[in-house]
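A, B and C label the chains in the order they appear, each numbered from 1.
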Amino acid sequence: MSSAYIVKRILRGLLTILLAVVVIFFLMRVAPADPAVVLASEDATEEDIQAIREAWGLDKPYTEQFLLYVRSLITGDAGMSYQFCVDKPLYKVTELVMMRLPNTIKLAFTSIIMSILMAIPIGIVCGLHPGSWIDNLVTSIGFIINAFPNFFIGMILILVFGLKLKLLPTGGNDAGFASILLPAFTLSLHFSVTLTRMTRTQFIQVMRSNFIRTTKAKGLDRAKILYIHGLRNVSIPLTTIIGLRIGAMLGGSIVVETLFRWPGLGYLLMTSVTGGDYPTVQFLVPYVCAVFVVINFIVDMLYGVLDPRAKAEKKA
Amino acid sequence: MQNVLEVKNLKTYFFTDEGIAKAVDDISFEIGAGETVGLVGESGCGKSVTSLSVMRLLKAHTMEGQILLEGKDLNNMSERELSKTRGKDISMIFQDPMTSLDPCFTCGYQMRETILQHHDVDKQQADKMALELLKSVGIPDPKATLRRYPHELSGGQRQRIMIAMAMTCNTKLLIADEPTTALDMTIQAQILNLMRDIRKEHNTAILMITHDLGVVAELCDRVIVMYCGKIVESGTVRQIFHSPMHPYTRDLLASLPSLDVKQDRLNTISGVVPSITALPTGCRYHPRCSVLCEACSREYPEMIEVEPGHKVCCHLCERKES
Amino acid sequence: MEINEQKFQQKKIAWIKRRGSKQILVGAIMVSLILIMVLVSVFWTPFDPNATDLRARNVAPDLLQKAHKHILGTDQLGRDMLSRMMTGGQVSVMIALLSLVGTTIIGVVLGLLSGFYGKWVDSTASIIADLRNAMPTTLLMIVALSILGTSIPMLVLLMSLVEWVTIFRTVRARTIVEKNKEYVMAAYCAGAKDSHVIFKYIFPNVISEVIVLATLLISSLVLLEASLSFLGVGVTRPYPSWGRMISDGNNYIYSSWWISTVPALAIAVFVMGINFLGDGLQKKLKME
């Protein structure tokens, strides 16, 4: 992999994050509601609002405000969050994010692992017997799952497992491992469909290839052909989409976290947005973009490691 | 001479929308120990299907007949028995060396797994054997090559590795499906030389699938000519090249450019290869044949032996003899 | 081998074409079912979709109309679910279609320009597309909608900005191929202007692919609208939209599951129909 390529990727990543920062900055400034008024408590006087304005630098020119904002992002000193407070702020924004981050990571990985465990074996079976009844069944189920919004599927799961059968909690994160099952499963469904399809088509393609024919001609066992040569070749494209999915999910899944009141970043963002907690929004959005960009970058690099051909291409 | 391979009444059919495609239709031939047999014909005449059928690498819709490899019928074998036989008693190299090796594994790994499959050795010994094999196929710097990935090697080197892998067990029979078609002219010659050396050294019988009559003349002992899924003529190289009997063989030879005679145009065979789902009645070559008789469109001619070892399948030859 | 493979290919093509036509038929039936229902609702619905009937709250669906006249039941305020589903479709389908138009225009215009003019136009457009792909757009949308306040025009505008990249990439690639063909050269030699070449020669060649891609996009836009409405930043009261209705039913899921399920089924039938249609068209197009 050439260093020029890496530099280009890093520059583009930085540009993306910068763009997100600019977008958020201007959104906040063109908002119809005065942030200072929103931030102030309801019985605040004109002086209180003025004080908030000064504390937040909202009275300064936009360029200076922007620089202050960028500085706060870099230093991580993003001020206090206006959530969970009656009179005075309870948490720093960064504290709040750090509290919620582990939950989002837990949810992201649990759901990805669920997807992998479901999708890859099923995809392989379908890929080995394309057109069989099991393949058609899986394809149809995937079609149906993809036609429903995932929060509706989540609602039905809550109804069945939480309310009717009373097996699993309906939301929150108070019941240990049991409480992660439903949100993670809901989150994994649509991705599982994508992953199954991908595994299936890739497997069909690989099993038809000339080098698989060679392994047969060499007299290798079927198991070795499937699980060494087949899987290894399929793993390259699968790693890419799994990686990208991790990137998308480390920002927190807003819909599913909100539905299950899962205390992760997505739910935090939603409550900050609806509760007018601008300091948190301002900090969280660029953070999520950054995570997304960084994971994309890592996946791209990983691709080079996994596929010997890509390594050579990028060298050249 | 004992036969390594005897193919008896092999039929490989595919079912398509337009009807049954008789890709290989009732062919029989045999290959003696250490013998090199060329299987020639135009594209689509069924020669590749024949080779893949012999290896049982084809998912044909029906496949009938016997494929006797040293007396054992490959066509009756289970997948398990087959994988013990493939690579050990019979092996194959393919037309396209660029895509025939797994891009995700080093050449060393792919050689080693082949050796471990068929020999009772540990990894170190297998690596040593792989090294020896690579040396024997004339790969420069074999040690480094073992650590390389297929895409880091040239087409000729990859084909050498394919050959080395095919020779892990000193197989009795090597099927080479157009092994030089995808390579440059100079590399072609090197690969052919290598195959000649291997034959000399290990007394391996080779079934050479090709459309290149030059390769046949250079390497083979005997030739089988196929047309539209049928064998039309077979004999020694001398017999086929010097006294071809079947009109198709003659036309095929006539279409070769000659250095001796100055030609303005290359000779071609008029007409087109018929679709294998809509074959002509009688002799399959008759619509393109220049010397046909009335029986040609009516019935398929019998295979007759015009001289020892020289068989041909043509009404006109029959008549000549009688 | 060659002949055989060719045969197989032909067989496969015929098979896929047949399958494609069947998919198109099934998809068209499902989509038109929903569309007709939505269109009818503009003029007539069995009940007034906003009329509350406190005596008939949370009435379960009664498909045979034995106990009451609400075939699909009523919601927590006694409003008829069937009527609401029909009118709800107006907003959902309209938003999806309008933002589809926006998306397609952005994708096609940028694709044509960047494919045709190349150079800085192309690199700028490609960087924008890359940036769009590298950003969590839904997140930015949620933030934007909640800060700027949500309204249907705003929703359509923002939703247009989400999915244009696929259309852009396809159009761009096709434009590059087409513009280097001989007949385009010939048109130039005959004195054609750029605009003439773009609209007369290149555009007709990309349009069929764009239609297929756009068809498939409808389903993701419908689902996106539903998600946004669920989060409360999409369609707001008093308009019922399918997404809004599902999320309204969330609080009553235990006692009256149908409040969410009826609009969810409408979405599912519509999305499945669209996907069938798009897949079928894509298969047909690929074979030609």
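Criterion: a residue touches a chain if its C-beta (ideal position, glycine included) is under 8 Å from a C-beta of that chain, and two chains touch if they have at least 3 such contacts.
Values in this document were obtained by computation on a predicted structure and should not be read as measured data.
Peer 1: Would you kindly say which chain has the C-alpha centre located farthest from the C-alpha centre of chain A?
Peer 2: B
Peer 1: Which two chains are joined by the greatest number of C-beta pairs in contact?
Peer 2: A-C
Peer 1: Determine the centre-to-centre distance between chain A and chain B, using the mean Cα coordinates as centres, and give it in whole Å.
Peer 2: About 54 Å, centre to centre.
Peer 1: Take the average of all CA coordinates in chain A, do the same for chain C, and state the distance between these two points in whole angstrom.
Peer 2: Computed value for the inter-centroid distance: 23 Å.
Peer 1: Can you compute the centre-to-centre distance for chain B and chain C, using the mean CA position of each chain? Integer Å is fine.
Peer 2: A distance of 54 Å separates the two centres.
Peer 1: Can you tell me which positions in chain B touch chain A when the two form their complex?
Peer 2: It is residues 55, 57, 79, 82-88, 91-92, 94, 96, 99-105, 113-114, 117-118, 149, 151-152, 162, 165-166 of chain B that touch chain A.
Peer 1: Quick check: in the complex, which residue numbers of chain A touch chain B?
Peer 2: Answer in residue numbers: 209-222, 224, 228-229, 232-233, 236, 307-309, 312.
Peer 1: Any idea which chain C residues touch chain A in the complex?
Peer 2: By the definition above, chain C touches chain A via 127, 130-131, 134-136, 138-140, 142-144, 146-149, 219, 223, 226-227, 230-233, 243, 246-247, 249-250, 253-254, 257, 260-261, 264, 267-269, 271-272, 275.
Peer 1: Spell out the residues on chain A that touch chain C in their complex, using ranges where they run on.
Peer 2: Interface residues on chain A, with respect to chain C: 12-13, 15-16, 19-20, 23-24, 27-28, 30-32, 143-144, 146-149, 151-152, 155-156, 158-159, 163, 248, 251, 254-255, 258-259, 269-270, 273-274, 281, 285, 288-289, 292-293, 296.
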